Every structure is written in C-alpha cells, then in structure tokens.
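For reference, chains read A, B, C, D, E and F in written order, and residue numbers begin at 1 within each chain.
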Amino acid sequence: MNVQADDFFFSGLNIMGNTSNAVGSKVTPVTVAQLPGLNTLGISMVRIDYAPWGINPPHTHPRATEILTVLEGSLQVGFVTSNPENRLISKVLQKGDMFVFPVGLVHFQRNVGHRNAVAIAALSSQNPGVITIANAVFGSNPPIAADLLAKAFQVKTSVVDQLQSKF
Amino acid sequence: MNVQADDFFFSGLNIMGNTSNAVGSKVTPVTVAQLPGLNTLGISMVRIDYAPWGINPPHTHPRATEILTVLEGSLQVGFVTSNPENRLISKVLQKGDMFVFPVGLVHFQRNVGHRNAVAIAALSSQNPGVITIANAVFGSNPPIAADLLAKAFQVKTSVVDQLQSKF
Amino acid sequence: MNVQADDFFFSGLNIMGNTSNAVGSKVTPVTVAQLPGLNTLGISMVRIDYAPWGINPPHTHPRATEILTVLEGSLQVGFVTSNPENRLISKVLQKGDMFVFPVGLVHFQRNVGHRNAVAIAALSSQNPGVITIANAVFGSNPPIAADLLAKAFQVKTSVVDQLQSKF
Amino acid sequence: MNVQADDFFFSGLNIMGNTSNAVGSKVTPVTVAQLPGLNTLGISMVRIDYAPWGINPPHTHPRATEILTVLEGSLQVGFVTSNPENRLISKVLQKGDMFVFPVGLVHFQRNVGHRNAVAIAALSSQNPGVITIANAVFGSNPPIAADLLAKAFQVKTSVVDQLQSKF
Amino acid sequence: MNVQADDFFFSGLNIMGNTSNAVGSKVTPVTVAQLPGLNTLGISMVRIDYAPWGINPPHTHPRATEILTVLEGSLQVGFVTSNPENRLISKVLQKGDMFVFPVGLVHFQRNVGHRNAVAIAALSSQNPGVITIANAVFGSNPPIAADLLAKAFQVKTSVVDQLQSKF
Amino acid sequence: MNVQADDFFFSGLNIMGNTSNAVGSKVTPVTVAQLPGLNTLGISMVRIDYAPWGINPPHTHPRATEILTVLEGSLQVGFVTSNPENRLISKVLQKGDMFVFPVGLVHFQRNVGHRNAVAIAALSSQNPGVITIANAVFGSNPPIAADLLAKAFQVKTSVVDQLQSKF
C-alpha cells in the first residue's frame, strides 16, 4: 500500500568483496534480509568474489536452486548428485558461461585462474539459506561428538579433532 | 539419472546483444528453452543490453518476479502498481544497484546515459513468459478491433490505426 | 475457531453495476477484501456488467487465471499469447458460454449486442489483482515519461501526450 | 503453441439441469475433463439446478475450495468444521448472495423455496473431485462392511443394511 | 533464531491410547498444535490404537495425504475413490505392512484380530484436520436438518433421528 | 482410474535392516520408487535400524522435512542450523519420543545404548532424496579435487587423501 521505491532497491553489488580469508572468496548476499521488497516473491541474488585459486567451499541451499553466471575469470564449478550415485557433475566456466545447481545439492566453485574472478548468481527463494558443509559438520556450536564424526567419515578421532580445531 | 554437465550449462551471456532496433535494447534469455536443466527448478536469467537512451519497453512476466542488477551504465527503472492506485514506483540505478519487479506488474527500464548499459536479471520461473504491452495490445495477430482499443484508450480510431500500423 | 457464517458470506452480486462511464462496463469484485473468509483459500468471484457495446478494456490479473460465463447477452472475448507470437485467441460468446483467460495474459471482453450483457467470472486467487493496461501505462501516478512511451509505442510524443491526457 | 479458441471454450451452462432424481438437484461440471484449456490453471466452474426443496447432498471436494453465488431462488447452505468442534456454519441465501465452502469440508445446499433455484459455483482446482458422503460411505463398490459402519454410526446392522440398499 | 531442541521434540508416542469408547480406537495426534517446530514444514504424525475389532471410523483429512504402517496386529484398511466410481480400495494389513490414503478421500481402519493393534501414520501437513463422517454429518452443532439428511441418505426422517441421537 | 489396492501397499517394514556395515545402521526407504501410489502425494516413510552405538551419519534431504519417532532403544539426534550460526540442536530420545529435522538441514542420529534401536520416520515428499555428507564430499565419482577440499576443510591434502580413500 505505502511501498516506496527504496523498498525494492539495493545498492553496492558492484563492490568487490574482501577475499582475504581462509577460502579466498566472499559472498555478498541480497536476500529478503537486505532487500525487504523481496518478501514472498521467491527470488534473491548474490555476488561472489574469488581470489586467484580461491574457492566457494562445498555447501547447500536448503530452500533454493541456484543459477550462476561468470562475470570475470575462470571457474571450475560442480555439484554432486544424491545417493546412491554421488556423481560429480562438473565444468570449467569462462566469462559469460552459466551453470545450474539444483535445490539442496552439495556444490562448489573454484577460481582456476591467476587473477580475480567474479560471478553473479540468483536463487529461487527470498530466503534460500546457506549450509557450508565444513562449518556445519566440523564447526557447529556445540560441536557434534568427535567419535560420531569419526565413524561417519571412517577416520580416527584424532583426525576429527584436527578438523574440528579449524572452525 | 543420465544427466551430463552440459544439461546444466549455457554459454554466451558475455556477448553484447544487438540493440540496433526500434527500442534500442536486446534481451538475451536463458530459460528452460535454452537450458534444459532448469526444468521444474523455478529460476532463469537474462542479459539485457541498452543502447544510449534505449528502452526495454513496458512489459509483464505472467509467471515470475524479476530482480535486476546493473553491470554497466545508468538505468531508470520502474513498475506500476495494480488498480486502483496505478502508482509508478521508479528509481535511477547506477552500476551495482538492484531493483525488484513483483510478479505480473508492468515494468520497464531506460538507459539514461550516453553510453551502452548492461544488466543481468533473474526471474522466479524456468518459463517466465514475456508480454510486451505494445506488441500484445497493438500488434497481436489478428489485431484487436480498433474501435475496442479506441474506447479502451479513449482516443479516436485513427490514433489506434496509427498505433497498430507500427507493429 | 470463532468463525461465523457472515465471515463466509457476501450479498449483492445480483445488483447491476453502473456502466455509465467511458468504457461502458462495471466490475463488481468479491475478493478477500470484500469477503474475509476467502483468506488463503485461493479463489474469488466477480460480476461484470456491460452496456450495449461496452467493453472491459484490455487488462491482466498478475496472480490469477479467470474463467468467465455469460449470464445475459453476447460478448466478444479474447486474450493475447505472450512473446513472440502475440496471437489473439478470440471468440464470440452467447448466454451460457464460458471462456478461460490464463494467468497473467492480456484479455478483454466487449458487448457485441444492443442490450445489456452480464457475466460472472471466477479467479484462482483470493487476491488476484487487476492491471488495466491503459491506466497502468498511460495513467500512472506519476506518469511514465512521455518520450519513453513514444519509443515503446513508436509514435510521436504528441500522441503519447494525447493518450496520457485521458487518464 | 497451437492452441485454438475452442480449447478455452465451453458451451451450455445456460441449460437447466434435469433435477428429476432422488435428491432433486443436478450439478453440471466444467472442469478440465470438459474444458481442456483449464489444464494446470487451478480453477473450474459448475452450474447447480435445484427443484423445489431439492438438495445438493452433503459432500466434499478433496482438492478445492468452493465459492457459490445464487442466480435464482433461495438456498440454505452450510458446512461443518472439522473435529473436534463439528460446528455447522449455515446461512439462507437469496438471489445475488454468495457463500464460501473451505477446501475439504463437508457442505450442502437446499432449495428452501417453492420454485426452481439455480447457482453458479467456482472451485480452486481444474480437477476438484467430488465425494458425495452417502454414496462413498453407503454406496461404495464393493460395499464397506456393514458391521464396521454399524459401529461407526452407532446403529444396528439392520439400519446400515437399509442405508446400503438405497445406493 | 532462538529455537531450542524442545521446540522440535515431543514425548509419549509409546503410550497406548485409551480405546474404551464406542468405536474401540484412539488417535494420538502430533501436529503443529502439539509440536510447534512443525510450523510451515508440511508434515505430522499420529499413533493409532485399536481394541480387538475396534475401528477408526470413516473420515477424511481435508489438507493431507496419509501413509500408515502397522506396528502390531492386523488391520483391514480402505479408502473410497471419488464420484462417480466410489470404488472401495481395500486390503488386510499385517505387522510391517503400509498403506496410502490419498488427500481428502474417505478412509477407515478396522482391527481384524483378537488382540490390540497399533499403527503409526504420517500426514502431509502440519495441520491436516480430521473430519469424522458420522460426527460431521449426524453430530454437528447445531444439527443439519433431519429432512435434508433423510433425502440425502434416502431414508425416513425417523432413521435420521436415530442416527443423530447417537452423537 | 484403474488403480488397485496393491498400488497403495508396501510390505516388510517390520523386517530388521542389516546393520553390519561401517556406520552400524540401515535405512529401509518407502518412497515413490518402492510404492508407486505415492506419486504426487508429498509424503514417504522409512524404517531405520541401529546396531549398538551405530549412527545414521550426517546427511540432508534436499526436498523434505523429516519427523522421526523412536520405536526401540535410545537415540541421540541433532541438526545444525544454517549459516552463520551453525547451532547444533540436539536431544537424547527414548522410546516414544519424536524429533523434527527441518527441510535441507544437516542431521544425524546415534544409538546411545547397548542394544539395537529402531525408528520410524516420515518425510514431506514422495521423493525426498538423501545426501550423505561424507559420501557426497569425500566419495563422489569422480572425486572432488583434493586441494579444493583441503582448502574447504583447512587441512593438508594428505588428510583429504585419507578421507577420500575410505569411500
């Protein structure tokens, strides 16, 4: 009723994200949390910056499919199909290439070039959620029991301890 | 089951569209028609090129909300709310700015600069549809009766004839 | 919990609408705004009255399909398919005939008889919305820039000024 | 793609249904089975004729809400809320009155006048389904075991036998 | 945001329901009313206990499909398809057997053994609703008019009076 | 139309799954692949067996919420909320206790007792999908590049090699 243009507006997707972190990438999300006019409308967008060889680590979106297009650089992208096949569907993308990550599947991107890369992606929910596998599994608060994870990943507890110590 | 990476891949969104036409803009769509892996996934993407002062004329998407981000140039964008208010919600966007066009509403963009502009937009359907108002109303095949349109737009039939002769 | 029969009741759809206006028709809507019990239930109804040769001008419903049945008189009805075909799908209806207008498409009706016509239509949303093309495009508040519309409709700005002056 | 006007057209809703039957009413449905263009569009319509004191017996639509408007005559209408309240929400409707029957609830209409009544109703599915309680419970093929129904309705088996013999 | 484990937890589905009632069965529901964490998530569960020869009488769920599995005992189960077929689809289930009752259809279970039976069922809504046919039709508050029901079930009003007196 | 009772029937959920495997658990699914009558109905069920101290390792369902009830034994269950909190929401369940795992979130169960445990769970899709994190991330075919995973999990490549060698 009393909507204003600013309810449907967001600024700053041209600004390069800070990739000085452990994975060498930065996601700048524009979801209903940043852009209230998206409420109930079933869509959102993100900018992703990648340092050379930086990765957007394996993650899922519990409520959205993602479509990504490369603005700058070269990205290896992939997703893994669900049980029992666990097939890796992967491709190296150049500027102007696009790829789809179906709802809920584990997927990732990696900058496979010596210069920065940039992508724009859209998601089929105004509130898609992000689950970074490493953080959810080895970095939860409180932690998942180390012996449970040791059995899940079929390694010694000391390996799990090492993994959990990073997050 | 037997999906391949190419089912989820599309190439060429970096290629500038040919804007040498009456409206000075070109939409390059990537929907389920171009990218079969989008089937049932509820999302698609488009690139839009604008010559200086070019427009993406008033249109609707019957099955999708749109979120747009400006890659290059300056765009005036707007949508009109439904009856009875018919409020124009409008904004001038610069590089990196985003705007939302809610499902089914009449909206447009115009390049308000002396150089080319480029936008990337995403839509909340793999098959959003496009209805360009001028083409649907004055350029349908066969045409809508001129006297009906004259009454609808409250002008003489000769004005409608003139409008219909363009499409 | 404490619902009453009156929450699901509406009265007056037998009353002829006043068609003394520029288009010679009147829509009497019964949506969730008039009948609160429709909330979340995905349906609504309207009565439409048409003076002789009156029209329900080209419009869309952004969130609903419409199914219409003629109670009295003869109506020419039609909708236009989306780009790139823009095919006009049209029919003359007599009393007891029905027609479907798929979600989001531009459609219209015209009384093609010398006496009043009446139709009942149902829509697949409790809040379907109505966008009258002429009002949204040439009658918004504030107006869409005349030179933008001149380019969209490929006419001189003076023609657009004339169109905008009517709304 | 190759749709024709007739795919969206149905004729004959002005024809009075034959109410010479045990309940004194006749429903003329226009669903996707009669009107193929309704496919996936989420709406349908019916005409209902009622002889004096005729009833549309208690029934449910497993996949649709119904909105009904009275064209001629007077109808008592009602629906029953779900467990544990089982409240009867009821009203007498005159010409031009409307009533809503929420999805899946048991509802009915009765002509409470000495002349024929007619209603038009719309349903929020192209394939709403109809379950007439008496037929489903006492007239299924093969029949539900009489002792089971006797326990359900807390009557002697002979009463169930009597009920089952009617269908 | 501030969710706690107890928001997603419910206790007591191991407790046998009290089947000392007219139908010899007891449903223990776990829907959003009992387990708030189910809100918007589209699923719920119930435990059903049956005394020997007890029944879960004919009923519908207006907003859910049900899938049932037998934990103990033998159950005859069935549902009736919608008009015009009204086919009874029925089966005797043993421990470990499962059956599906599609959304909105009339269905029932009966313990066909000399000892208690137990089933667990899941429903495709956090708020599925239950309409027990006997209670809705013959036990509503206020009652449906006896002569209307007499016509619907094609029996004398005295039979309806008898049926209504039980609820 | 020609459905039979067997289309809605499945047998064998009483049979204990074979838990002689690396994780000490076995999931027996009943989805549309096993029970065709579930098609389009939005629900499925599974039985899960757990050897003493066996686990159902961290996994997600890309298209379903899960509700689980313990039939025998004691289970520690948990899910991790999405970024940025990654909170572990966890509980120890006894016989008759229930827990909800919201759509798409990483979750697990562990038998925390010296005897076998059994659970029944329902999922809000006829085709929920399962992504076992360890298999998808470290056991895909072909494998995800070890150096990418090393960066994602912040460990040496030799640790990733060790993890990948298990699957």
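Rule of thumb we're sticking to: a contact is a pair of C-beta atoms (placed from the backbone, for glycine too) under 8 Å apart; a residue touches a chain by one contact, two chains touch by 3 or more.
A quick note: this is a predicted structure, and the numbers were derived from the prediction, not measured.
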> So which chains count as neighbours of both chain D and chain F?
Replying inline: E
>> Taking only the C-alpha atoms, how many degrees of rotation bring chain B onto chain D, rounded to the nearest 5?
In response: 120
> With chain centres set to the mean of the C-alpha atoms, which chain is at the far end from chain F?
Replying inline: C
>> Let me spell it out: compute each chain's centre from its C-alpha atoms, then which one is farthest from chain A's centre?
In response: D
>> Regarding the chain A and chain F pair, does the interface count as same (over half of residue numbers shared) or different (under half shared)?
In response: same
> Counting C-beta pairs in contact, does B-C beat A-B or the other way around?
Replying inline: B-C
> Distance from the CA centroid of chain C to that of chain D, rounded to the nearest Å?
Replying inline: 29
> From the C-alpha centre of chain D to that of chain E, how far is it in Å?
Replying inline: 23
> Can you give the whole-Å distance between the Cα centres of chain B and chain F?
Replying inline: 44
> Among the residues of chain E, which are close enough to touch at least two other chains?
Replying inline: 90, 102-103
>> Taking the touch definition from the header, please name the shape of the chain graph: line, ring, star, complete or other.
In response: ring
>> Could you list, by residue number, the parts of chain B that touch chain A in their complex?
In response: 3-6, 8-15, 30, 35, 37-38, 41-45, 65-67, 69-71, 79, 81, 89-91, 93-103, 120, 122-124
>> For a test of understanding, state which residues of chain C touch chain B in their complex under the given definition.
In response: 22-24, 55, 57-58, 60-63, 76, 78, 80, 82-83, 85-88, 90, 102-106, 108, 110, 129-145, 148-149, 151-155, 159, 162-163, 166-167
